[in-house]
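A short worksheet on the structure shown next.
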Amino acid sequence: VVFFWDERLDRERPITRERIALTARDQAFGRERAPQLARAELERRLVRVRAATEALCAELSPEDAALQSMPDASPAKWHLGHTTWFFETFVLRALPRFRAFSPDYAYLFNSYYESIGPHLRRDARGLLSRPSLAEVYEYRSVVTAQLLELIEAGRGDWDVLGPRIELGLHHEEQHQELLLTDIKHLFAQNPLQPAYRLPGRTHNAGPAPALGFKVHAGGLLPIGKQGDGFVFDNERPEHLHFLAPYALGDRLITNAEYLEFVRDSGYERPELWLSDGTRWLSAQKISLPLYWQEAGEQSWAAFTLAGLLPLNPSDPVCHVSYYEADAYARWAGARLPTEAEWENAARHQAVRGNLLESGEFQPRPVEPGESQFFGDTWEWTQSAYAPYPGYVPPAGALGEYNAKFMCNQQVLRGGSCVTPSEHIRASYRNFFGPETRWQFAGIRLARNT
Amino acid sequence: VVFFWDERLDRERPITRERIALTARDQAFGRERAPQLARAELERRLVRVRAATEALCAELSPEDAALQSMPDASPAKWHLGHTTWFFETFVLRALPRFRAFSPDYAYLFNSYYESIGPHLRRDARGLLSRPSLAEVYEYRSVVTAQLLELIEAGRGDWDVLGPRIELGLHHEEQHQELLLTDIKHLFAQNPLQPAYRLPGRTHNAGPAPALGFKVHAGGLLPIGKQGDGFVFDNERPEHLHFLAPYALGDRLITNAEYLEFVRDSGYERPELWLSDGTRWLSAQKISLPLYWQEAGEQSWAAFTLAGLLPLNPSDPVCHVSYYEADAYARWAGARLPTEAEWENAARHQAVRGNLLESGEFQPRPVEPGESQFFGDTWEWTQSAYAPYPGYVPPAGALGEYNAKFMCNQQVLRGGSCVTPSEHIRASYRNFFGPETRWQFAGIRLARNT
Amino acid sequence: VVFFWDERLDRERPITRERIALTARDQAFGRERAPQLARAELERRLVRVRAATEALCAELSPEDAALQSMPDASPAKWHLGHTTWFFETFVLRALPRFRAFSPDYAYLFNSYYESIGPHLRRDARGLLSRPSLAEVYEYRSVVTAQLLELIEAGRGDWDVLGPRIELGLHHEEQHQELLLTDIKHLFAQNPLQPAYRLPGRTHNAGPAPALGFKVHAGGLLPIGKQGDGFVFDNERPEHLHFLAPYALGDRLITNAEYLEFVRDSGYERPELWLSDGTRWLSAQKISLPLYWQEAGEQSWAAFTLAGLLPLNPSDPVCHVSYYEADAYARWAGARLPTEAEWENAARHQAVRGNLLESGEFQPRPVEPGESQFFGDTWEWTQSAYAPYPGYVPPAGALGEYNAKFMCNQQVLRGGSCVTPSEHIRASYRNFFGPETRWQFAGIRLARNT
Amino acid sequence: VVFFWDERLDRERPITRERIALTARDQAFGRERAPQLARAELERRLVRVRAATEALCAELSPEDAALQSMPDASPAKWHLGHTTWFFETFVLRALPRFRAFSPDYAYLFNSYYESIGPHLRRDARGLLSRPSLAEVYEYRSVVTAQLLELIEAGRGDWDVLGPRIELGLHHEEQHQELLLTDIKHLFAQNPLQPAYRLPGRTHNAGPAPALGFKVHAGGLLPIGKQGDGFVFDNERPEHLHFLAPYALGDRLITNAEYLEFVRDSGYERPELWLSDGTRWLSAQKISLPLYWQEAGEQSWAAFTLAGLLPLNPSDPVCHVSYYEADAYARWAGARLPTEAEWENAARHQAVRGNLLESGEFQPRPVEPGESQFFGDTWEWTQSAYAPYPGYVPPAGALGEYNAKFMCNQQVLRGGSCVTPSEHIRASYRNFFGPETRWQFAGIRLARNT
């Protein structure tokens, strides 16, 4: 036996070698080996998720939906098409007598699945004035209808197709978030600074409570996939990880706290920055978080999905790169958490918070009792994105979904104010390059004890 | 007296020193010192030119009109707005009680007039989903109406405003051509290779007549502005230029002729290329004219405004850079003409040919008796774009129209199949960087005698 | 208590919480808190290490020593100066009445210590024809003499200076390796392909023994600093890490094995590559390891420090990037080891192998009984370079030595054929960007069990 | 007959059509059709020119001679080798039983003659630590000796070889200048700012006399090759060019005058700059001439071949780009001359001035009676580098000497303080890209009358 520290029981418990071995064998993507969602439930979710994506685009003009503001961001129209192509390719194409909606779409809407075939290069997604937005909506309707028929008629190998439909839904939810961050980036480039939506409710602008740190005992702890719900392949297998004792901040860092760093010349002090960060600062001429603007003497504004608004000091700071998060932590005498530290702390918390469904589309001040593990902003961790011990990517093209990005990326945890609540969980691993800023990414501090 | 060779009379004629001095003083832009167009005529032209621009956009969707395919090209929506802003800025703003249609448009739609104020950088014109296409059409209507009212009411200083309206019309015609070449470039990037219009009539695909050379005697000859019609500042002053005897090809080079160069490894033989051309070939991996594609064994297609079509061997070759035109000429044992050689030959020809009004939007084979000086393709000259002797740019912001580009550009002459016929004349000087290919630019050969 | 698996005893052993806590507090750099080297021993090593660096440069002309072949590589003259500046700055400058050898050298020879002051940018090291090589040798002599005098006279605070001298020696050994890899890169750019040295002895070119895998049981295991010898800060603190069972290849991958991958179109199959790797391949047009050349039909040569030599199939493959190592492993149905897996396997092995002192300066075929953990080539691991749990960087400028590079780098283990044997140990963590190829870096495979 | 204005006689003179035709046929390079230099004279010049090059390198260390500070500049060692290769290739190789000094040198020391064979890319000239400087000197000695023997023994076809040796001497003189400007650039990159030589004599620092303008009547005038002396192919053929009346500044613009432009915010006023110039200023962050530094409150220094020296206000301004020269001229209410205007004014002047032989290696203040047409600084003209009417490049590889650069370059006239006096003449056409600054290039103003 190997012992581990069970944080809930606050004592050691033995782990059998059998369990260790077992976790290493549990390699399937999504639910493929797990109890499946009932057809009726899947049908309900399909209708709901597809409609939710379209609802997010309801106010976009054809032009809004067609433009690409940078290679990392995609036009809304492309998101609408790509999520549809994903279902068509991984579900409908497996059926007999399959006919593609359009022979060209496999090229246009494949993102990066080399095993499927050649595809449009990423930075050319904004060159597609055709197909029109209307044609893409037509594509969506046809594919959604085909999926519903498939579910109802029970055509095809359900053991394969059922899990793939579920995967397609999680994939589409992922793109709901990207669609919003991409629109925000596009609108931010427009000198008119248009608003995607009306401002949400005003939050009490009182200062955040003093930052506290909660100590965790560590030990030999389970990390990764929990229970029977859907997870991505990169959350598998559940495995043991040894953690020394550590402490985590009890809320996210606020704009007010980050402003102290700015005013203390945080951006000009190389001793606070990673070497790559120093280079990035100077090449990109960065001195503030993305979307911040000076609005006068000691006064700041930030571009939001509701247009340019005064910076609320008690909101969590957002749209910072890993380099900025890391430098802030060093300046604050702390560090960023590892992903295991974060997950261990979040594992027993309810998934609740300022997520997409709150309708705020902006981080909001912490409320009494909240720890902000879920929602508001993704939290940068000091962990590079890497396979879990025993990880084996899914066979075929779906193996490209996550595995090939396991280099030069940092893991982020916890979801943001534009993450659908069904999409997030404690074991969820998001990842972006350390210089990335257009996602809603913020800062939670950690410390050694 | 100084004598010069009068080609029409085929003998020398004296030029008085007075005339030389006079040309050097004739520095005004457009018609400012010339007999003005009558108000009624100007009104008719205003209505016609503005409508023509809009007619060219009739089939464009809001998405087609919003995208930018490269920094050199602008979205159609931007052309629609910029040509309107030009009138608003240089004509309406001079009026008392002027109010701008929108305070933001001066920033969005100013192209490069630094004296007017700051402006959007060129490569960001494709980031404007707002204002919408509909709003830009509204802008056009309001400004056109204000201009018509101004003409009718005779408000303002007509000696200044009349010539500026005329300038604005020529400016807008210039953008009609750019609008089409930019749309062609955008559509060519789209893997769907959409067509802007239906194919035109099919031309007799018989081979072009053998290329001949017409000898010109040269002499001390007048170059630049002729007569009283509108000209741009860069066509002034009319001045004398001495030309040694030379010969010019009697038609444009065809696709068939250019294919011989390609098949003779023309692109791989550095001795045929300028040094900068060799570097450009290798950096850009160029081995064919822009828009050409191999369509099978010894078979070629070209993307056109009517979509992808088989290459017609007897059409003039088009969409080549100066480097390609120059290398072709060297391969053919000839050279490119200077702009003075070209102008001297074209000066006494009628402005007739395959211009915008032919509705072809593609170069077409030469017809018996034609020399193709006007229309079909612009013709690269070996002359760098430079001020004429005695040139003085107009005062104020309009001095930026042409003068500040007099470096690193080659002159092109003669107009193309998308140039409005009212816009072209023998003295017209177009200019682009030597690596430029998205304009309809082709080749006429020259030789020493 | 927490239990861990002791591989030597092949059973579990308890680890006291005290020991865990203790390791977390042991944060000093080098030996600062450890029993110190005796003065006499330090003096002997100082003389030996300084002389060894100079011996490596004995055959270099002033020109060889001055050129910089790429921003990542430094001229030999700069290495000679920089290692001397390191002693001057961190040891001699702490003495009363210190006078710098030259006021300019702090700017020229500071590599990246921002806390010390401004410094020459990295890619400008090859612009220094002055100071001459002779002047830099003079600089070396003076500083070495001052250090020897300091050691003998016992001046200064020995508790600080003694460990810093030892650190300086390890720093200089690190640069001995870089000096050789940088010279190799420089000579490889020269079309004359000059040799730095005569070829070493010829190795039996028989095929390598079949690759086997040795299984390791894993468990909760100590990682990092062992015993009392010198270590860098990034090897600290010793800490526990849980490893699932795994297997490691019993030798390095050979050129012959890698050639099979090449011939199987390994470089053209995107499913084998990380996404960043695919991009790198295409941007850099990579299709072979660095320094390989086709030498005829199915015949290969490689540039070495002894000039261009036929590729020996049974030598370990070398000068591959992380991307290539990772793709090879995937093609071979295996993966790269984590750094903990590697260290756990190497921890109880003697530090023996083809290191700098063998004088080969090239990897050589495995010999019976050898596992090649130390020497021949560095071994890419799948671990991103990150701080160990509880790591705290040294205070002051020495904190910049290692800590600020903990992003976008992969860890390599085991030393190479140009690593001084005193410099390497099981816990040693080297790190380079995943695209790096000019170091002697190769491949060991790992597998799940 | 055609008449032209003879400025010397101040009246018109007829030019026969025969003469016009004749100039168009006179296409040979150098003296190939001209009376040749006597063998004895050629021998004397060969010895003198080769020795002069080596004398310029006498104080350079092997390291000084090996480094390359930017792609446009070459190491001194490369200049020494390349000028030797030129003789070997174009003279010695034509002899029976020719054996190259080294088979590799054709690759290393060919600059850009594609017809000769492949060659090292320009930006890799600084990667050649081998051959050593000593080996290159050995190469020089051997080739010089072979040339002397050839001249004495009268081997080979003297009608071909004699002119080629003369061409080789002019080629080597051209490289003497480049060698000095390249060393200056290299030393300027070194933070030690070393001096190539001791400062020259101090010049009376009194202010320059007020700038005057001398009027030229213009007319139909001869341009290009004069008399029987050596000229490059690009100076041919002599031809007629019509010039309107113009005026030229009677001396070069001084540092003091240029400083007024700087203080008047000349660098920040876009209306003064060409469009490409504005882009260049902002991309390169330019606000002063190359080598200028602020040395305190309203005090300036400039890096020279004698190290960093206070800026002498009455020295001609130097190391400015075409963009800066053009902007200065516009600011001063003037313009730059065309090359024909310059040549017509200089054609009847003696070649005298501050050239290489003065030993100053820096521009110096104008002296009474001087017009500074020759020496001090090259003078930017507004003429793009283009073939003269009737120009035909020499056959074979020597056709690459000048012709392939006739695009994107501006012509400079008059030579500089580091041009050998034998090398310059009124018809000499130097050419560099408009952004070039490391040559000794300055400003003479022109005006319309």
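Letters A, B, C and D mark the chains in the order given here, with residues in each chain numbered from 1 onward.
One rule holds in what follows: a residue touches a chain if its C-beta (ideal position, glycine included) is under 8 Å from a C-beta of that chain, and two chains touch if they have at least 3 such contacts.
All values derive from a computational prediction rather than experimental measurement.
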item	value
Where chain A and chain B overlap in contact partners, by chain label	none
From chain B, the most remote chain by mean C-alpha position	C
Euclidean distance of C-alpha centroids - chain B vs chain D, Å	36
Approximate Å spacing (C-alpha centroids) for the pair chain A, chain D	61
Centroid distance [mean C-alpha coordinates] between chain D and chain C, Å	49
Inter-chain touch pairs (all)	A-B, A-C, B-D, C-D
Parts of chain B lying in touch with chain A, wherever the complex brings them together	61-67, 69, 77, 104, 107-108, 120, 124, 126-133, 186-187, 189-192, 194
Residues on chain C engaged by chain A in the complex (per definition of touch)	1-5, 12, 20, 24, 112, 114-115, 219-220, 239-245, 270-271, 273-278, 322-323, 326, 335, 338, 382-384, 386-387, 389-390, 392, 399-400, 404-408, 410, 434, 448
